[in-house]
Structure formats: C-alpha cells, structure tokens
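Heads up, the next two complexes both have chain A, just with different partners, chain B and then chain C.
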Partner chain A sequence: MNTLVKLRYRFWPDKIFGELLQKSWMETAVPLLVLLAVIAFFSARIDTFISITSISDLLRQACELGFVVLGMSIVLIVGGIDLSVGSIYALSNLFALYCINVLGLGMPATVVATLVVGGLLGAVNGLLIGYFRMRAFLTTMVTLIVYKAANDMLNAKVAVQISANFPDAPAWDYLGAGTLLNVPVIVWIFGLVAIGGHVFLTRLRAGWHVLAIGGNRRSAYNTGLPVKRVVALSYAASGMFAAAGAIFYASRLASPGADTGKGLEIVVLTAAILGGIRLGGGKGSVMKALLGTLIVLLLTNGMLRMAMSAGASRVILATILLLAALLDIRWFKNRHKAVQELYVSPNYMELPPPQPTARDSGSPFALNDKLRDVETIGLGEVEAPEDVVLDSDNNLYCGNRHGDIVRFFAPDYKRHEVYAHIGGQPLGMAMCQDGTLLVCVGGMGLYRVNRDRSTEKVTDETNRSLLSIIDDSRLRLADDLDIAPDGRVFFSEATVRYEMHEWPTDSLEARGNGRIICYDPKTRKTTTVLRKLVFPNGIVMASDGQSLLFAESWACRISRYWFDGPQKGKVEVVINDLPGYPDNLNRASDGNYWLAIMGVRSPVFDLAMKRPAFRRRMSKKLPGDEWLAPNLNTGCIVKISEQGEVLDVLWDLGGENHPMITSMREHRGYLYIGGIHNNRIGRLRLADADAEFVDLKVSHA
Partner chain B sequence: MLEFVADVMGGLLGRRRSSLSVPILDGAFRPNQLLEEADILLERPGLEDMAIAPDGSLVLAAGPEVLAYAQGAVHVLERYDSNITALTFLADGRRVVALGDRIVIEGRAGAIDAGAGRSFTAITALSVTSSGTLLVCDGSAHHSCDNWQYDLMTKGRSGRLVQLDPKSGKADLLQDGLAWASGAIEDGKGVLVCESWRHRLRRDGKRDATGELPGYPARITPTADGGFWLSLFAGRSQIVEFVLQEGSFRREMMETIDPRYWITPALSSGEDFMEPLQSGGVKHMGILKPWAPPRSYGLAVRLDANCNPLMSVHSRVGGKHHGIVTTLERETEVLALSKGSGRLLRMDLHHIRAASGVTEA
Partner chain C sequence: MQGSSIQTSHRSRAFGIFRGPGKAAGFDQLKIVSLLFVVIFVVYALLLPGFFTVGNLLTLMRTVAVLGILGLGMAIVVIGRGIDLSMIASLAVPSALVLMLAASGYSVFVAIGLGICMAIGIGILNGILVAYAEIPSLFTTLAVGIGIAGVGQIGLFDYEIVSWPPQLDVIAWIGRGSIAGLPYSVLAFLATAILVGIFLRGTRPGLFVYASGDNPGAARLTGIPLRPVMVMQYVMSSCIAFFAGLVLSASSASMDTRIFNLTWIYDVILVVVLGGIGLSGGRGGVANVIIGTLLIGTVMNGLTIMDVSFEMQNLVRGLVLLLAVLADSLINPRNEETAQQGDI
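And now, the complex of A and B:
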C-alpha cells in the first residue's frame, strides 16, 4: 500500500497543475482547446468541413471579422464596449463601394478615405464617452441605431448607382480576391496588423497605457495617464478597424446589401469574450481575439452547413455569449482561489525515527537547560534576526524583517544603528576579513554590503532549468552561504515555489523544491550545482576545502557535497535522524560545526508527512492558521563533527529565554544566537572555546 | 438515503457536516482573561470535581481523596482505592462519589456498579434532583473517563443518562446514545444533559437546548436565579473537526502515537514540544498569539434559565487555567476548577458582570 503511495507521488506530477494555473498564457490555452473541440465536433459531423477550397474562403471571412474583433478588443481592454461596430461596418462598406464604383477614386484613395470615415464615426463614440463621460453601452447603442438609420437612408439613394457601375480597378479586386503565394491578400495584411497589434499591446508604452486604464481607471488617472484621450482614441480605433474589415468585405462581394453588418456586434462580442478578453477591461491579447474569431466563425459556418436556420444559430451564439460572460466573471473572481487550492501539492516523505530527546534517554539529544544562561541583546529592538555575524572589532550585525542590516556596537551591545538598508529580509550572512558583508536576501538574491555601507547586488538569477514550469531562474529564497577557499560563493535556496513570507508553507510539501547555487566571482557566473533538495538551509565549508556540509530542514538531515577534488559531485548523507529541523550551519573553534535546530519534530507531523493526500485536503479545507506546522517554538543548538557525531546539544527547556533558533555564530569565546521569529539575539559564554576564534571569510569577490 | 444525498451535496457546497467551521468566540463568548487572572485558592494535582455540602462547606475531589476546603487549607475527609471522577451530596448531607465505573453512597453498603441493564463505564458527573434521585452521566460504554480522547476519536455515541434511586438502588435509563454525556441537571422544565462530542446541551428527550457551543461542555451547575454555569473543558478547533473526517489518518494516529500527542483537544498544553502545533500557534517575536487555534482552553459560560448564554470567563491560548471541569456560583463569588492546571480559582461575580457588560439581575 505504502509503496503504491510512494510510487504515485514520485511519478505523478501534482505540482504542475497549480503551477500551470498561475501562468498567464493558460488563459489563452482555454480558448485554444475550445477551438480544437469545435473543429473536432464539426469535422466529425460534416464531411469536408475543413477542405482546401473552403479554407481559403473561411480565411477571408475570418480576417474580415478579425479586424472588427480587434477593434472591439481594444475597446473592451480599455474597459468599454462598442455596439456600433456593425453599423459602422455597414456604412463603411457603402462608402467604399460608392467611392470606387460611383466616384471611381481608385483603390488607395478609397481605402484611405474609408478608414478615415470609419475612424470619424468611431471618434463620435470616443468623444461622447471619453470626454463627455457618457456610458459606453448607451452611447454606442444610440450610435448603432443612428448609423444604421443613416445607412438605410443612404443605401436607398445610392444602391442603384453602385450596382449600375462596374469599376475597372484591378488593385481593388486584388484586395478582395487576390492571393499572394497562394494565400489570400487579406490574410497577409491581417497578419501584419495582428503582429503590429501584439507588439503594440505587449511592447509599446501606448499599449501598456491601454491595459493600465482598463485594469484600473482611477489608478491610471492618478499616475498621470491621459485617460480621456486614450479612451476616446480606442473608440476611433475600433471604428477604423471596422472600416478595415468593411473594405475587404466590399471588395470581395461588392454588395451594398441592406443587411450588411446586421447583428455583427453580437458575433464580435462573442468572439472577443470567448477568446478570453475580459468584459471588465484590463486583460486581453491579440492572440485571444484571433482564437475567439476562429471559434465563432467555425461555429456559425458549421451551423450553417448543418442547415440550421439563421434564427436558431443566432440563439445558440447568444447563449454561448451569455455562458462565456458568466464563465469570465466566475473565473476571474475565483481564479486565485483555484490557484491557492491547487498550488500546495504535498509529497510523500517517510522520515527515519528521530533520535530520542527524553531527559533520561541517554541520547545525545536528551533535554537539558544549558541555554538557561543566555543573555539577551536588543530585546524588543530587533525583529527577526535570522543570522548574526561579528566583525574583527566584535561589532555584531544582523538582519531584520524591515530589510535592514542592524549593527550592535561592542563591547556591551546596548547601542545599535541601521548599518545598511537592503529592502528584502536579510537571511544568512558571512563577514569577510576586509569588512565586506555577503548577505542572502529573501526574495532578492545574494547581496554585498561594502565597508563604506554601499550595498550592491552580487547575483539574483541562475540558469533556468529546462523542464520547470515556474520560472526558477530568479532567486526567491536564498538563505545561507559560505565561501570556498578559491572565492566561489556557495549558497542555498530553500525553495523555488514559495516567497519569503510563505516559507513555512513549504513544510507542507516536503518536496525537493530547493537547491544549492554557486556564484563564481572570476567569471561572474551563477550556476545551480545541486537540485531537488528538501528546504536546504544551512551551508558550511568542510575542512578539506573541497566539500561542504548542508542541512535540509524538512528532511531532518545533514549531507556533505563535494564540489571539487577526486570525489567531485558526490553527495553523502551525514546525519538523517535529527529530532528536529536543521537550519544554519557554522564553524566552531575546535574544528567541528555548530548546527541550529529551528524546530522539533512531533509524532503527528511526522505521520502527516507520510500522508500527502491528508495534507493536501488540509491545505484546501482549513485556513492557513489552522494547518499543522512544524513546531518552531522550541529549538536547540547542536555541535556535530564532520562525520556526523553529535558532540553536544544545548537546549532551553520551555523556550522561555530564547524561543526559536535559526542560527548561531561562535566569536571569541561566545556563541551568538539568532532566530527568524525572535525579537532578540542571544549570547552564551562558552566554557572551553578558543577565546581568539573569529568566523571571518576570505573574500575574492 | 436522503441523509447521504444531503451529505454529498453538502460536501460539494461546503455545508452541513462537511463544513469544518466552529462557532467563533463572540457575543456572550467574547474572550477575556478573567479565568486566567482569577485568584488561585488551591493548587493540587488531580483536582477533578467539587460540590457544596448542605452545610455550606466546599468539598473537593482530588485523585482518590475527598477534601474539605476552608480558608485556603484542606483536610482529607475520605480516601478511596481509585480516583474519584464525580462528586455530589444528597439532600440529607450524605456524600456520593463516582469512582469511574461505580458509585459509592455514604452510609450505603457496597458500591453500585451497574444500572439500567449495563454496567457503568465512565461516570463523568453526578447531580441530585428535587425528588432526591441521582442523575448519573455515563460517558461511554467503551472507554473509561481517562480515555475520553479515544471516545472522541472513535466518534463515540454510547453515553447514557441514568436516574438512580439512592435508597433502592433502582436505576432508570433516561437517555442513551449520547456522544459522551458529561454533565446533567434538573431544572423546572425537566433534565438538561451535556453532550461533549456534539458540543451542545440537550433536553431529556430529543431536542437540543442550545446551538453549537465553541467548546466541549462538561459539568453544569445551578445558580440562585434559575440559571446555570456550564464549564467547557476545551475549546474547539477546526483541525480536530478535520481529523474526525480523516478516517485512515485518525486510525493510524491512534495505533501508532501516544494519546498525549494526538490531534485532539486537551486539558492543558504547551508543556511538551511533541504535541502537535498549528501555524497560528507558532510564536512570533516571542509571543504566542492568544487567538491561535486552541489545543487547550479555559472557558465557562453563564446561561440563563432558558439556556441562553449571558457571559463567559476565559483563559486564552498561552494561559495556564485551562480544562475547566466544574464551575460553582456561591453568593457573590464564582469558583472554577481547572483540571488542566490542577487549580481551584475564584472570581468575583460583580466583576464578571461588569467586565461582560451584563447588568445586575
């Protein structure tokens, strides 16, 4: 039974669902799937639904419609709606035909004039809505009626004239019927416009303005964007796009029919919303508009081919519009919930039984109160000092959760100052002999604080792994470092799936989400050297200068990794049955290592680790404060040898004096203790330590 | 069948039993620290129950001993061969104690170890009716008083309420199928009984007398104005409700882990780091937040004659005075027995009223 569970969690990639949902391109994937489903459905029902002959005609229609949908999309993205596109389309069609057939203006002049007319018709909407602040829905409904009426009146006057003349304009006919490299001209032109639109929306400042105004009009206004102008222009653009569609329609059919553009607004709206363009504004892309257009067109064509009446197919289309709008609202309202529910994806982990901790167990971990005499430094003055370091003048440095590095002055550590401000929470730190401070900053990466207090980024990205869905090139949670003799900085990143403030959630997953990364100051390159580690936390160089010890918190183990020398690449477990969750590792004066245990294991939590489905349900059904957590209220400090023997354990029974320990640093006969949930730093006199020992690194960076 | 369908629907919609919500501490249950700040009259391990003798003196049960309490001092009145689990007095002043699975009545030869067709298993509370009979709460048919966590985790519903005539020893079954009966009292309208695992009071018969309570009710005692003090021995948390839905996890937990470290409510907590911890209970800046999900909690609530809650006294998460099992109102003082800390506590009734904004009756 357990083996099955293990296999299932080893090979079934639970985590990708939540990760996929987080991706913004997922929203385009849904209409793509709908499109494929529509094609599959009609292909099965209708022979030759997709054929070479039909496809060319289909593409022409699609592009005509596509222009109008693009215009509508811009208006939707900016947060409005344009119902008048159908009427503008009809008027532009009539105008273009009049220009070419009656006035004989020729292709270029006709095209330009029609685009201008369409733009002007749209600009009326824009003026009323953008500058006079009228409601988009009402305004465009009124212009829909007015333009429609105008079209009917003009049509009655000029239709006969248009039909009577047959212009000799090959360039014009080429627009409607010509092909280039066997592909209709309109497709080429539409393709160019679509690419231009994509670049506009995603790469150009003006496109970002459009998205920003749609996302939140007030904020956009407050940041100084020309809201009125952009809104007005979007309607003008919509009119112009409708005119563009109409030009191709006119040249293809040359028909001034009174029914032109009737009900087009419903088709276009359906296409835009099916494609995934938000009704509320602020979201949308050219790709979505394209997909929506194709879906709608295939649907209408398919229904036509299945001999459905026009009324029935319109009802179906309207129903689809309604459903799509409903889905749009529900999805955007609940998307974050879905992500939240699906993102946490626990894994199977069976830990070896912990070394006993009972007072009379005879175990090296037997409880004691050796930490009872810890003095406190900066009680209530420092918040969340994850790590502490000291310089050669005995001054003490620690991070806090406000993003500062705080310096406490020797000898009594009563005074303190903000030494440097970084912005992210400083975690593991290393002090170099020349006074340079290297800091792992949560959410930011590896930073350096120079002697003159200037801060500078050392690295914040590594190579992206090939098969990772989430972008793991950025450093999310770099948390401890050490420097190799040749100057390379090795640091651990606890997890690539969670941010600084949600790192405890990673404990529910117990998956190898973390890694060890190396920064080489010679080449200034950052590379990931070890992957799939379970919350790697502490890191310290071993005595041979060719390997390092690292701690994996949720796996309760210490391992050794050889990065150089004959055993290069080898990883060997040193201890795997710690009774708690290991954190930072640092050197001790006697050649051994100090290890912080930030929390202790509880039997129930260990059991939950073997039951991933239980944890997943827990994360779905319960609020975060109710989740089982590793017990971070009690910790201890352990001294281990390179071979993993436990030499000494310092407990604070009851945790009254010093709750929570994430790091410790030996310095001139004292041990300084930090804790990420603490409001103090501890200081403990070590009886038999080298009074001259300082933990300073050689910097090559 | 309908029940099953309703449960499945409820599961989809997040309602009914599939909902893991627990009542929030609000209204009459608004948290305070009155219990935590109460005067400590006595500290003695094993305190279990207390009662006021007809002569007005306070008598306590601690471990196997019955103690008389007066001015901060106690003396042993009687010592039994096993731990006392409930204590009361008959109208004529005779003392009645329960020793887990049997009842010993002063002046009556032999213990009563069975009634109404079944032997007693876990006698959790005793009280006397106006007609002189004893109301006996037998928590479960399977688990003894000390093993109450087993009964909760197996969703026990085998508790009984038995009426016992102290003279003849004749017993009548008033109600069975109770989810850990842990307190009963007779008032003008009949008999009220506490069902701990269903978090409510029930009238003898089928009706519930209260809605869901935010804790696990224990003994209930009368007040002079016809109301009651109800002790709640632990606070509810969603994780327990969740674990009660997780059958196989619960079974493995019960098989492999010491009950002290289960996910269950407890009478006291925070002493042992092997106890389960929830995210809200992780100390930040050296402080355990009082709103953290409670593993143990101190709570007693004053009900009026219609069982509507009026006011409550609390010892919140991080406090010591947890696991309140008996609360007594004597003139202007309120005495509470904290089994979790082994302490007898005293509060001033006027002070409780003032702090809760309840006007004098």
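And now, the complex of A and C:
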C-alpha cells in the first residue's frame, strides 16, 4: 500500500497542474484551443473550409476586423466599452471613399484624413466618458445611433457621386488588393501594428498606465496617473483603429453601402471577450485580440458557408458572447482560489523515527537545562534576529524583520545602531576578515554590506533550469551561506515555490523544493549546484575545504556535499534522525560544528508527512491558519562532529530564557544565539572553549 | 468624538453639494422637466399649425402610450440599478408568438398563457445572468435581446410581420377601443402606471427594489434577498414589455418583429432618464416616467409635424439622450462607495 502511495507521488506530476495554471499565458492558451476546435469543426463539416484560394481573402477580412478588435481591446482594457465602432467604421468608410473618389485626394492624404476623422469621432466618446465621467456603455450606444443617423443622411447625399467616379489611384488599389511576397499588404501592415501594440501594452509606460487604470481606477488615480486623459485617449484610439479597418475595407470593396458596419460592434465585442480580454478592464493582450478575431471570423464564415439564416447566426453569436462573458467573470472571480488550491501539492515523505529526547532516556538528545543561564542582549530591541555574527572588534551584528542589520557595540552590547538598511529580512550572515558582511536576504538574494556601510547586491538570480515550469532563476528565499577557501560563496535557497512568509506551506509539501547555489566572485556567475533538497537551511564548510555540511529542515537530516576534489559531486547523509528541524550550522572552536534545532518534531506532523492526500485535503478545505505546521517554539543547540556524532546538546528545559533558536555563533569563548521569533539575542559562556576563536572568513568577493 | 462628528458633517455637506439630499434632487428634476414640457407644449401649440387639435393630441397620446408602458417596466429595473435593453425583443417576440398561436387555432387563453411564459422566461434568463452570474446588466440584456430577436427570426415566424388574427379580436379592445374619447391604449398606460406605482411605493418587494438600487451591499447585509429581487425586476420588465407588445399589435393590427432593429429602446431609456430616474439607481418613481413620456412624445410629435426626416429625428433623439445622460451623470454621480469595479 505504502509503496503504491510512494510510486504515485513519485511519478504523478501533481505540481505541474498548479504551476501551469499560475502561468499568465494559460489564459491565452484557452482561446487558442477554442480556435483549433472551431477550425477542426468546420473543416470536418465543410469540404474546402480553408483552402489556398480562400485564405488570402480570409486574411484580409481578418485584418480589417482585427484593427477594430484592437481598438475595442484597448477600451476594454482601460475598463470601458465602445459600441460606436460600427458606426465609426461606416462613417470612415464613407469618408475615405468620398476623399478618394470624389475629391481625388490620393492615397496618403486620404489615409491620414480618415484616421483623423475616426480619431475625432472616438475622441467625442473619450471626452464624454473620460472627462465627464459618463457611462461608457450608454454613451457609446447613443453615439452609435447618432453616427449611424449621420452616416445614413450623408450616405444618401454622396453615394451616387462616389459610385459615379472611378479614382485613378494605384496606391489606393494596392492597399486593397496588392500583395507583397504573396501576402496581402494589409497583413503586413496589420502585423506591424499588432507588434507595435504588443510592445505598447507590455513594454511602454503608457501601456502600463492603460492596464493599471483598467485594473483599478481609484488606485491608479491615487498613484497620480492621468486617469481622465488616458481613458479619453483610449476611445480616440479605438476610433482611429476602426477608421484603419474601414480604410482597407473601402479600398477592397469601394462600396458606400448603407449597411456597412451594421452589427459590427457585437462581432467585435464577441471577438475581444472570446479572446479573453476581460470585461471590466485590467487584463488583455494583443495576442488575445488576434485569437478572438480569428475565432469569430471563422465562426461567422463557417455559419455563412453552412447556409445558416441571419437569425440563427445572431443567436449563436449572442450565446457565445454571453457564455464567454460568463466564463470570464466566473474565472476571474475564482481564479485566485483555484490556483491557490491547486498549487499546493504535498508529497510523500517517510522520516526515520526520531532519536528520543526524554530526560532519562540516555539519548544524546536528552533534555537538560544548560541554556538556563543565557544572558540576554538587546531584550525588546530587536525583532527576529535569525542569525548573529561578530566582527574582529567583538561588535555583534544581527538582522531584524524591518530589513535592517543592527550592530550592538562591544564590550557590553548595551548600545546599538542600525548598521545598514537592506529592505528584506536578513537571514544567514557571514563576516569576512576585512569587515565585509555577506548576507542572505529573504525574497531578495545574496547581499554584501561593505565596511563603509554601503550595501550592494551580490546576486539575485541563478541559471534557469531547463524543464521547470515556474521561473526558478530568481532567488526567492536565500537562507544561509558559507565561503569556500577559494572565495566561492555557497548558499542555500530553501524553496523555489514559495515566498519567505509562506514557509509553512512549503513544509506541508515536504518536497525537494530547495537547492544549493554557488556564486563565484572570479567570474561573477551564479550556478545551481545541488537541486531537490528539502528546505536546505544551514551551510558550513567542512574541514577538508572541498566539501560542505548542509541541513535540510523538513527532512530532519544533515548531509555532506563535495564540491571539489576526488569525490566531487558526492552527497552523503551524515545524520538523518534528528529529533527536530535543523536550521543554521556554524563552526565550533574545537573543529566540530554547532547546529541549531529550531523546533522539535511531533508524531502528528511526522504521520501527516506520510499522508499526502490528507495534507492536500487540509490545504483545500481549511483556512491557512488552521493548517498543521512544524512546531517552532522550542529547540536546542547541538554540537556535532563531521562524522555526525552528537557531542553535546543544550536545551532550555523550562522555556524561560532562550527556547527558540535558529542560529548560534561561537566567538572568543562565548556562544551568541539568534532566533527568528525572538526579541533578544542570547549569550552563553562556554567553559572549555578556545578564548581566541573567531568565525571570520577569507574574503575574495 | 469631536473629530469624528466634524468629519461626518463635512462628509454630508460634500455629499449635499454633489448629490443633493436624495429626494429633493429628484423632485427638482421632476419640476424642471414638467416646466420644460409645459413650455414646449405651449410653444408648439402657438407656433405649430395642427398641433393643438383633438385629433393630433389623441394621436400623440396613442403613440406615446406604448412607450410609456415600456418606460414603466424599464423604471423598475433602473431603480434597482440595472437596465434592460432586451425590452423591445420581449415586446415583439412573445406577442408575435401569441398572434401566431391564436392564428393557428390555439385558444386565446393558451396563446396568451404561453406568451406570458415566454416573457417570464426571458426575464428569468436576464435576471439569472445579471444577479447570479454577475455579468453587467447592459451587456447581458443587449446579448439576450439579440438572441431572443434571432430566435424569433429563425424558429417562430414565417414572415417578419405577423398580422393580428380574427381569433384574438375578443381582446382587440386593449389597443383599439376608447372610452369617453380616451383611447384604451392610454388607459392601459394609466392602469399600468397605477399598478407599478402601488408596487413600488406600497409593497415590500417594491421597497426592496429601491433599497437594492440605492446600495446593493447594504441591502444584502440587512437581509434583503438581493439576487431574487434582481431576478424579479427583470421578470416584471419583460412581462410589462409583453403587455406593451399586445397593446401595440392590437392597435396596429400586426406585430412587426423587425421592430427590434429600430432604435426604440433608446426612447425608452430617454423617457426614464429624462423623467429623472437616475441611472445610478434607487431614485424616482412613476411620476417621472409619466412626465418623461409626455415630454418625449410631444417633442417627437412636433418633429413629425415639422416633417423632419427619420434620420434627422434619430440624430436629434440621440443628441437629446446624450445631454440627458450627461445631466444625469452630473446630477446623480455614481456613488464611488457602492459602485462596482468594471461597472460599465
């Protein structure tokens, strides 16, 4: 039974679904699938649905429609809607034909004039909606009628004139019927515009403004964005795009028909919503607009080819429109929840039974009260000192949760100052002989504080692994570091799937989400050297200078990894049955190692580790604060040898002075103790320690 | 305490400037529109030959009666902070269905019963999509209207114009007869107005409509069944539209299902907005619809007498509506506290 469970969790890729769902391109994948389905459906029903001869005409139509959809998309993204595009399309068509046929303006002048007219017609919407704050839907619906009425009146006057004249403008004809490299001209132009639109929305400041205003109008206003102007301009742009579509329509058909653009707004709206551009704003891309356009065009063409009545295709279009809006709204409302539920993917983990800790068990971990006499430093003055480190002048440095590095002055550590402000929670630290401080900062990466207190980033990214779905190049939770004799910095990243404050969720997964990363100061390159570690935490160089010891918290084990020498690449488990969750590892003066145990294992959590289905159910059904989590209240300090023998254990049995421990640092006969949930730093006199020992690294960085 | 009370008074003063103290603003608009109506009426009567005649006034009233009935249905939805653009579809399609069923031999009761069922079905569809699926009402009702009109075109009717069958002549009086010179269609409008007035002001569901339109979140918190109330609004509006359709087809002896393509729905919105029922919901009542209807009817009647072309009339109506919506958005600005993101 257990083997089955193990195999299932070893080989069934649960986490892939959650990670895929989190990708923003997934929302574009859905309309793509719909498009393929539409093509497949009609190709099966109609013999020559897509053929070489029809495809050129189809592309021309698609691009004409595509222009209008692009305009509508911008308006939708900014949080509005533009129903007047159909009438603007019709008026622009009429205007362009009048310019070219009757006035004989020539191609460039006609194009520019028509674009301006379209932009102006759209700007009326923009003025009313952006500056007078009228409702987009009603306003554009009314301008739809007004423009339509104007179009009808003008059409009656100029249609005969237009039909009577034949323009002599080859450039104009080229626009409508010409090809470049066998591809219609319009496709080239539309392609350029689409790429420009993509760059605008994703790379340019103005495009970000559009997205921000659509996402939350009030916040955008509060951050100082020109909301009114951007909204107004987006309607002008929509009008201009409609005019662009109309120019090509006019040059292709040269028809001033009274029905031009009738019902276009519904088609365009369906295209945009189907493509996945959100009704209500804030989301959308050029790609989505393109996909939606193609879907709708193929649908309407297919329905036409299947000889459906106008009524039937309207019903189908309206139904699709409503369904797409429904899906979009429901999905957007529940997306966050769905992603969150699917993202957590617990794994099977079987831990060896822990070594006993009972006082009279005779175990090396037996409880004692050796930490009772810890002095406190900075009581109530520091918050969350995960690690402590001392310099050659005996000054003490620790991080706090406000993102500072605090320095306590020797010899009495009564006075303190903010040594440097980094901005993220400092975790593991290492002091170099020259006074340079290297810090792992949660959520930020590896940082350096120079002697002159200037801080600089050492590295915040590593190589992207080839097959991972989530982006694992960014450092999410750099945890502890040590420096090899040749200057390379090895540091652990506890998890690539969660942020620092989400560590309890990572513990629930019990999967190898973490890794060890190496930064080489000579090449300034960062590379991942060891993957799939279960919350790797403390790191310390071993005595041979070719290997390091590292702790994996949720796996309750210490391993040794050779990064150089004849055994390069080898990983060997040193201890695998710790009674608690190991945290930082540091050197002791006698050549052994100090290990912090941040919390003690409980039978319930150990059992839960073997029941991934239970943990998954828990993560779905219960709010996060009611989940099981590793206990981080009571821990101890352990002295271990390189071979994994437990030499000494220090507990605070009464829990009075220093029960919570995440790190310790030996310095000149004292042990300094940090704890991430503490408001103090502990200091313990070591009886038989080398009074001159300092834990300083050789700096090459 | 001190500070907070000062703040509250600031707030209420600020709101007073922009929104007016609730009812007073609506009342003022009602007065203004009434005055406007009287002025236009007098000007027309003095300047337009043939306007102030019994025949023309009866025509005027007959033409606006149906518009007024539709306006009453729309008013219910708009007060509940929605809008129903599918009203013309639910005017045309169910009543054309009744005509067709009666013509093909069903009894009058069965035919009308099925028509009502269809109207209720349209209302429920709208209501569920708006209330439960949370699609914006403008969007929902636009698409549903198109869909219903399409259904009428494909499945139900052989011709686009369905004529009034003799079998239905027993109820033809609702659109044709007259009592003491007043056409029945006008009486139908008045009767609907009284019923809707009683519903809105005198019954619990009616007050719920006001409450949910004024502040949906607060209405829900106080325990009003917000979503069912919304569905009810749409059911009522489509039923009223169906009734208007019967009156219309009786008076013109046919139902033209292409009516959906016309811009009639904008007249209905115009009546409601111009009358002073704010689109942000929770304000106004039957009196506003009546005065709005009279105003629009008079203006349009005058334009017809002046022989203004259909397109020009559309243009004028559109511009007037634009001004009305603009004025509405200035007088009754959307309440940012209760407006929803993406409320288009």
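The definition used in the following text is that the second predicted complex is superposed on the first by the 692 of 701 C-alpha atoms of A that agree within 3 Å, B and C clash if a C-alpha of one lies under 4 Å from a C-alpha of the other, contacts with A are read in each partner's own complex, and residues count from 1 in each chain.
By our rule, contacts are C-beta pairs under 8 Å (C-beta built on N, C-alpha and C of every residue); 3 or more make two chains touch, one makes a residue touch a chain.
In this text, all values refer to a predicted model and were calculated from it rather than measured experimentally.
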*asked:* With the two structures overlaid on chain A, would chain B and chain C clash, or do they fit side by side?
replied: fit
*Tell me which partner A:603 touches in the superposition: chain B (first), chain C (second), both or neither.*
first
*asked:* Is A:634 touching anything from chain B or chain C once the two structures are fitted on A? First, second, both or neither.
replied: first
*Touching A:625 in the superposition: chain B (first), chain C (second), both, neither?*
first
_On the A-aligned overlay, A:315 touches which partner chain: chain B = first, chain C = second, or both, or neither?_
second
*So, A:143: does it touch chain B (first), chain C (second), both, or neither?*
second
*More chain A residues in contact - chain B or chain C*: C
*What angle, rounded to a multiple of 10°, is defined by the Cα centres of chain B, chain A and chain C, with the middle one as vertex?*
80
*Look across chain B and chain C in the superposition and give the shortest C-alpha distance you find, in Å.*
15
*asked:* Going by the contact definition given at the top, which residues of chain A touch chain B in one complex and chain C in the other?
replied: none
*Inside the complex, what are the residues of chain A that reach chain C?*
79-81, 128, 132-139, 141-143, 145-146, 148-150, 152-153, 156, 216-218, 266, 278-281, 309-315, 317-319, 321-322, 325-326, 329-330, 333
*Okay, in this complex, where on chain B does chain A touch?*
20, 237-239, 242, 246, 248-249, 252-253, 256-258, 261-263, 273-286, 288, 292-293
*Okay, in this complex, where on chain A does chain B touch?*
383-384, 504, 600, 602-605, 607-608, 611, 614, 617-618, 621-634, 655, 659-660, 677-680
*chain C residues touching chain A - in the complex, by the definition given at the top*: 83, 129, 133-136, 138-140, 142-144, 146-147, 149-154, 263, 266, 269, 279, 309, 311-312, 314-315, 317-319, 321-322, 325-326, 329-330, 333-334, 336, 341-344
